[in-house]
Structure formats: structure tokens, C-alpha cells
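The same chain A turns up in both complexes below, where it pairs with chain B and then with chain C.
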Partner chain A sequence: MAEEGLFVLPGDLIDPSFIPSHPKKPLRLGPGLRHIPPNSILPTVSGQVYTDNRKNSIWVEYNGGRYVPSTNDQVIGQIQRSAGEHYYVNIAPYASNAVLPHLAFEGVTKKTRPQLNPGALVYARVALAHKHMDVELECVSPSTGKADGLGPLVDGMVFNVSLGLARRLSMSKKENSKVIVLDLLGDAGLVFEVVVGRNGRVWIGGGSVADTVLVGRALTQTDEEDHGPEAQKNVVRRLLSERK
Partner chain B sequence: MTISAAPDVVLDHLSKADGSASYSYAGYAVTATVNGPIEAQRRDEQPFEAIVDVIVRPAAGVGGTRERHLESILCSTLRHLILLKNFPRQLFQIALQITSVPENDYVNSKLMQASSSQNLSVLPTLFQTAILALVSAAVPMKTTASATTIAIPKDYGSPLLNPTPRQVQTSSSIHVFAFTRQGDLLLSQSDGSFSQDEWDVAHDIAKDVCMEKKREEVDVMLDDDESQTQNMADLIRAEAQMKTDSDLHWK
Partner chain C sequence: MEKGTVELQVWHQKFLRYLACEGSPPAPGRISSRDPLHDKSSSHSPSSGASQSWFAIGIALIFSSFLKSPDKLNSETQIPLPAVNMPREAEISTNEKQFLKTALTENVRIDGRLFEQYRPLSLGFGEEFGVAEVELGKTRILAKVSAEVTVPYADRPFDGIFQIVTELSPMVSPAFEVNRPTETEVLLSRLLEKTVRRSGALDTESLCLMAGKKCWAVRVDVHVLSHDGNLVDAACVAVVAALRHFRKPDTSVEGEMVTVYTAAEREPTPLSWLHSPYCVTWSFYGEEGEMALLDASWKEEQVQVASFTVSLNRHGEVCQIAKLGGVAVDAVLLLKCTAGATVEVKRISEMVDQKLEEDAKRRDKGGLMAELRAENERES
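After this line comes the complex of A and B, so read on.
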């Protein structure tokens, strides 16, 4: 059994002993891997390979590049225009627009649908991501009919971060012990809400404009300069001292 | 002028692009950016695969026929590496800016007024930079590859790896090869007159430089202290590993 976090380049051979095997569950290939029948599994990006024996899955962790939508990702999109029964939503710059049906919001009918103007922000889930079709979004859970926090984002600001940081931020606290900048700011008494989109966009709002900008700056600095926990504390301390 | 300096690589230094790389070796320096997959223009898009758009910009002036030629060679080579079928109707844009070219001390030439053989000798640097930028942009690829130039001197001397402009001028033929890390030939461009045997020799030298060594062979080579020439595949691996380690330090 090879070590966790083994570095791979595209086309490297993955040691078969490293690939998890489960008597019943099918093997699940995560991002960055492709299967060439009958039995070779090759990485397509450079990164570190991780496995989960319980879920019988294997995937490559990497940071960077452009957001490529995949089903069930929660993303922050910007409305481009409305046509017919859909909004056209931008989820990554220069990428094709995704479509968000007017009726894919919680408890709406044709009469009560939300009126979103070009430029409005929505927090949505990717309902369909197929390479041959337009990406489809929804702001409502199809099984329960509840919004579960999805929907239009009002006020606040969006900050761009790397895909890797967006992924870290959307993890539970247990898995993500090294990005503590938001916790530090919260402990310092700032009031703010955070919405993390997997497409590398973070919405911050709910408090005063000054605090929103401060939180955004702390986050983007942490991302751009790859700060560890100690450096994050310094950034927060400096920004808070400037706030007074 | 002998090339003793190790190749210089910077990855992901341009924040607005999806991926970027700067690479300099043997007197040539190139900066590359990669954007993609992005929306292709309606009239360009292909229904079943992505298109690759390579743009080469010379060190001085605007590009001409020479750059279009390099673009077409690079484009058809890179198409074999990128998993185009995964991104129908999309576009990968690779922009390559040549930032410096080696000077020929014997000829007082204007920048980039090169003969066709010198045109070829910039190709490996362009290719190598493009690959590094693609790795940095996390573009799904089948494998990585590297390229190198070999010149066969007129006096039947031993073939020269990464020749200087002067050596190119005084050689009977020059050859550019690109190999995947696994040692498959991707690109072969030759200029000048040469025999099949000379081509074979050049091919074998280039393959040795571009192909990744097996772990045991590397150890043996280090013992012999013969690893004077830089192995291009090892270079890509080392740089990509460094980038990944710093990217995933939050893990």
C-alpha cells in the first residue's frame, strides 16, 4: 500500500495496490482520473492521489486551473440575462453560460417567481453537468422542495479565491484545520455571513460594508500569499488594528 | 558559448490566467499562459471535441508567417496530449510570448530575423513552456512531454544538444524532437541534409533527454556522475511537484 498523497503527473501509473477494493461497492473515480478499459486508471492532472476505503473512492487533489462544473457543486453565479423561462447565469469568466429555470426556486409559481436583473447574484446547485449540454442550475432541492440556503444573494460582495481555497472553505471544520482566518475574524466580534461557491467565488455580507471588505481582504490575502495558520493570525491582527 | 546554466522555470506567476509558466534554457526564454476550457466562438467550435488555439508572439515586432508555422506545429502536437473529447464546443487558448533569443556573435542580425533553421531551434522552448503552462492550468492531459534540439555538425563531429545559433549555422542539419514521458515520439522536424543514420543518432540522443528514467537508472547515473545533461521529463516532474506541494499546504 503506497502512502497517502502520492504525487502524480498526467499519465503516471498508479500502483494497483493503492487503488481501494471493496467486495460490494463499485469503485468511484473522483476528479483528475480517467479509466481506460479494461483496467488502467490514469491521472489526467498533476496533484496528489487520495483514497477513501470506506467509500471505495480514489481522486486527485490539485489546486488551480479553471472551474469545470460537476453535478451537485454549489456555485455562486451572476445573472447575465433572462430569456423565455430561464435565466442565463455566468459561473466562470469566459465560459459558456449556465441556465437556471425561473421555476427552480423555493415555492415559486409563474406569478411569484423572483425578478432577478442582470448582475444579480445567486447561490445555486449544479443540477446537470454533461459535456454535450448546457450546465443547468437550481436553487431548490428537487426532493424536498426546500431552498436549503440556496437562492438570490442580496447586498454583500463577491471575492475571487483559488479553487483549492474554495474547496477547503466548504469542508467541515474537522477536515479543514489550517484555514482559520474566518474563525479568527468571527472570534474578534465581526458580524458577517459567508457563502462559498465551488467555482472560486466567496460572497461576504450581512454586516457593515467596512467589515465585509475587511473579511474579503483577509481571505484574498490568505489565498494569494498562501498563508499558514500563524500568518493568518498576523493578517487578521493587522487588519483589525487598521479597522479602529 | 556553452550552455551550462540549468533551465529556469517559474510556474503560475500570472494571476489573471488559468495557468502560466516562464521557462528559459539555452538562451531562449518564453512566457506562456493557458486559458481553458472556455467558450469557443460559434463559428470555430467543434461539436465533438475542444479546439486548441496556439498564439506565438516573437520577441520583437508582430508575428508573421514564421510564427504561424510554429503555431501550426505546436497546435497539432499539443492536440495529441490534451483530452479534447472531454470538452466538446470548448476552446483551450495557449499564448506563447518569446521574451529573449540567444545572440549570434558572428552575425549582426536584427532580433528575430532568423533563418528557417533558427526558427526550428526555438520550437523546443516553446513546446516545453506550453507543457508547463498546461500542467499549471490543470488541463486534463494524457501525459506530459518534452522537446529538444539536436544539431549535426558539418565536419561529422558528434551531434550537439541544444546548439547555439552559431553552431546551428555551421551544422549540416538540425532536428527537433518531442517525446512523451513514456518515450513515444510526438514530433519530429528536421532541416538541412542528413542521412538516415544521422537521424537515428539524433533521435536516440533526444529520446534519452526527453524520456523519463526509471528510478533505478537514475541512481546508477548519479553514481557515474554522468548526469551532465538536464533530463527534461525530470524537470517537469520536479517543478509540478513543487507547485502541488505549495498549493496543497492547507491539506
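After this line comes the complex of A and C, so read on.
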């Protein structure tokens, strides 16, 4: 269970009692924290420190800045070009292109690989994120060989949201993320699919054009005006009344 | 649409482009000056320029109803767009392009606006005179005016110098580079130039201090802070507001001596402002550009088939029309757009006037301004 509290600034000392300790698992540092040998952990950004005792992990939640890829993030990328054995994929403005091998899709061979044109969208996992190397992506799990929902995205619309909201949307527990707008819209009978990329892109599709736009507007408004659950209810109510 | 009409529209579009470049109907044997800094045709009065433009549209329409030219004009007569070797803006994905187009056929815009609806426009001024910041949705523009005493151009001894400089920095989008203007930037500065400078909004003769020797050089720097489409309209509001907000130091001339007074010695004076032109941009969508959208956002601009910028003042006088490239658009639709723009300009104009008034009131502590000002009353 994640625990929140403690607001930190870059370089602040984190109270050792706050750092989770687990008898067996190694401590995992998430984004915004840096281990400086031998034994200090310093935040590199300002935000709220979260800990998870079960996973023995600690990280800083912050909203802002540009997207910095890290391994196992699921991102929405845009194909720029194809060269040799790879696609070059844009995952963030101002960042160099990531590399997506032609064969990193579910069940493909050299002959059956998907033909993606420049401008196509893919949902991919970051396989390798190293400061000094090109980011590598994959649309298939290397252990199981299954796509698990990754792959090219067809039709739909992309809305840009802040990195904080993208992270909150991909949290499993609603009480932590405090984003209920999608649930409210689903309860209201709208049909749509959502794909959340950690790079701040949200793909919405599967329903009618008007509904897709409505969901996108609800999300972007929630993000820009930083709405809490109550305000989100109001946004949804207002948008649904416009729909009828 | 039958072929004859298409050709006529291509011709009509060429005619409008010609207007956009020259500001008056083409005359045989006329040599146009390419130097935007001292252009011979820059000092015509706003009303004459306006009537010329309306007159020209009228002529274009009359021509288009009579001309039944055979298969002379075809696709190769389309004017090629300039600037091939420029950095290009980042593009949106094919999914988004497709979605935007489908949504427009269902009368839906992605931000939920109506087709003829502007985004919220806000204007603020800095502590200094001549600094204006405009926000149009997520588009943000900052304009700053500065003035210095310099030597006038040799061929225009009675005129001051007025210059608009635009800058799109890499901060706005990774596609923009310093010292390598993109097409967006070139078009932006050209349209501002035509709207504000060549429509004679600022009386450049009033900037002259001593004929052929000393004059004011007024310079407006336009900084784009955030680009979410429709830079032209937002930048135009910023430039006009900044120029009207600006105060230049007061001067006096005695014989061969020009004295420039500091703000402590004499109250700085506003520029001699003749009329306030504002741009309104329409974007066209669909096979033949039959759908017109006001104030397109950045994503919408990426899928437009043509765009049309008209500059007017609040009296409805057209200062400039630009429809640069793109598909041929029905002339009647263009006239409708211009009529719509008139309404929009009145609204913007009222907003700017009100904000300027509020700012003046804020600065006028103790009501001393009326006594301090040196210039005479002027009807604008």
C-alpha cells in the first residue's frame, strides 16, 4: 500500500524512518530519487514522497517537466521513419527518436512484420532506457511472446495531458490517483477505449466521434484545472448535459 | 464542381494573392519594391487602401462571372509555395489527422467550440510602457516596443522608421531554430507587416524630428511564448496593443538642436496612432474547402486545406487580405468570412480599447495625466 506525505525539495534529506525496510527485498528507488554512494538517498525534484512497503520501493510524485523514459514504461509513440531493421519512433518532443525493431511485435517474422507508415501510432513498452544510448521500445513481452495490448493503434484520437495525470491514470487504485472522470463517463453509458502513455499522451477511441471528443475534453479539463473528485463530477455533468 | 468554375477560382485566388502582395490592383509596368523597410507604397491612407481592396474584390467577382476561359489553366498554373529548404514543424499523427477530418464532417471540433467561435482572448500590460501579452487559448504572445533616435533613410527624409520583428524560438516547438526562419515565421512577419505597417496604422511622418537628419526608429519585437495555432491573430492584437500602450520620450527642437527629455522632465507622449487593424484568420476544410473554421488550433491547422487572413479595423475597412496557396475556395464563402470577421474585429477592438483604458486609469494616480500631457486632442 502506497503511503504519501512528506513534501521534498531537490537535495533535501529524507528521514531514514520514512524509507521502507524489508527483510529480503532490495530497496527500489523510483523516479525523482538518486542514490549517492555510500548511503544517502537524495530527491532530484520537488514533490511528494511515496513509499510502498510491500514492494519495498520509494519514489517522488511530481507534475511537470519533460518525459524522461525509464524501463517498463508504456508509451504512445509516433513512427517517424523506417530504416534497416528498425522504426524510429518519436515519444517526446525535444527528445531524440526511440528505436523499435521490426521484429518486436507479437508473432511476426521478417515476412509478416507490420508495415507502419510515418505518422502511425504505436503503444509500446520501453525495453531499454539508458542515459547515453538510444531508447529501445518493444511491442511484445520478451518472456511470454504475447503483445499484452501493445502494438499499433488504429483510428481514435490522441490528447496530450501532463505527465502527472498520465501517471495517475495508470495507477491501479482509484483512491490514490483521484481520477474518477473516466469511470463517471463509463457509468453514464459512453462507449470508449483508453490507452494511457506515460509520456503524457492519452489515446481515446472505439466509440463515436462526439463521445471521443467528450472524453478527451473531460480529461484535459481535469488536467489543466487540476480538478479534485468533486470538480470532476461537475465537469462530467456539464459535458453530458451539452451532449443531449 | 465543373471545370470552368475551378479554373476561375484558381484565377480568382491568384488575383487575391496578388492583392495580398501589393495592396492595390496590379497596374501594368509597375515596379514593386522588394525592400520591406522603405517601400514606396507604404504611406497610403487606410481608407484608400481599404476601398481599393473592396474595389478589387468586386472586380474579381465580376470577372469570375464573365470569364469563361477554356482549358488554359490547369494544375500546373497553381502557384508553387515558396521556401523548400526550411525546417518544418512537427506533424501530428495520421490517426489524429483522420479523426480531425471525420469530426469536422460531423460538425464537432476537438475542443468543443462552434465553427465560428474564437478561443478566449486575454490581454495584459507590463509595468513598462509598450509591453503587451496576449493569450489566445494556449497561444501566448509577448510584444515589446522600443524607440531610439536615428538617421532616416535617404530616400524618405520626412519619415521615421517603423519595424516589426518576429521571433519564434526553439522554446515554442523543437521545429524552430534560431536564425533559420520557418515558413510560419516568414508568413507571420509578412502578415503583421502588411496589416500594421503598410495600412498606415502608425503615422510614420510624426516620428520625424529633423528632416533627413534625425528621426525616431520604433521597433516592435514579437516573441511567441507558446504556439497553439493562430499566431497571426494573437500577434496582431499584441502588436497593436503594445504600440498603443507605448510612450516615447518627449522631444523639442531648437534650430539644429534636438533635446530628448527623460520621463522625469517631461511626460512621455503616445505615438500618433491613426487606426487599429486586427487580423482574423479562417481555415478551410473538406475537399473543396467548403467548411470554414474561425481561429484554428495548432492541431486543426495541421489538417487545413487552405487558410484566409483578413485584416480590418473596427469601421470595417479592409487593410489586407491573404489567401496564400491551398485549394481554391468559393468566392462567396470568402465574402461571408470577411463579413464574419467584421463582427469579430469589433469585439476584439472593444476589448483592447477597454483594457487600454483600464491600464491608463491604473497608472493615472491622482488624475495628473490630463495636466501633464502635451499633445492636442485628436479624432481617431
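In the analysis below, the second predicted complex is superposed on the first by the 235 of 244 C-alpha atoms of A that agree within 3 Å, B and C clash if a C-alpha of one lies under 4 Å from a C-alpha of the other, contacts with A are read in each partner's own complex, and residues count from 1 in each chain.
Just so it is clear, a contact is a pair of C-beta atoms (placed from the backbone, for glycine too) under 8 Å apart; a residue touches a chain by one contact, two chains touch by 3 or more.
This structure is a prediction, so every number in the text was calculated from the model and none was measured.
S.K.: Figure out whether A:G156 sits in contact with chain B (first) or chain C (second), or with both, or with neither.
M.R.: The answer is second: A:G156 touches chain C but not chain B.
S.K.: According to the contact criterion defined above, which of chain B and chain C contacts more residues of chain A?
M.R.: For chain A, the partner with the higher number of touched residues is B.
S.K.: Between chain B (first) and chain C (second), which, if any, makes contact with A:R34: first, second, both or neither?
M.R.: first
S.K.: So in the superposed three-chain picture, is A:G11 touching just chain B, just chain C, both, or none of them (first/second/both/neither)?
M.R.: first
S.K.: Should A:E242 be classified as contacting the first partner (chain B), the second (chain C), both, or neither?
M.R.: Only chain C is touched by A:E242; chain B is not.
S.K.: One more residue to check, A:G216. First (chain B), second (chain C), both or neither?
M.R.: A:G216: touches chain C, not chain B.
S.K.: Once the structures are superposed on A, label A:Y94 by its partner contacts, choosing first (chain B), second (chain C), both or neither.
M.R.: Once the two structures are laid over each other on A, A:Y94 reaches both partners.
S.K.: State which residues of chain A lie in both footprints, the one left by chain B and the one left by chain C.
M.R.: 94.
S.K.: Considering the complex alone, what residue numbers of chain A touch chain B?
M.R.: Against chain B, the touching part of chain A is residues 5, 7, 9-11, 32, 34, 42, 44-48, 61-66, 68, 94-96, 131-132, 164-165, 168, 176, 178-179, 224, 226, 228.
S.K.: Can you tell me which positions in chain C touch chain A when the two form their complex?
M.R.: Answer in residue numbers: 90-100, 102-103, 106, 108-112, 173-174.
S.K.: Hey, which residues of chain A end up touching chain C in the complex?
M.R.: Interface residues on the chain A side: 78, 90, 93-94, 117, 119-121, 153-158, 203, 209-210, 212-214, 216-217, 239, 242.
S.K.: Please output the residues of chain B touching chain A within their complex, sorted ascending.
M.R.: So the residues of chain B touching chain A come out as 12, 15, 18-19, 35-39, 83, 86-90, 135-144, 180-182, 236-237, 240-241, 243-251.
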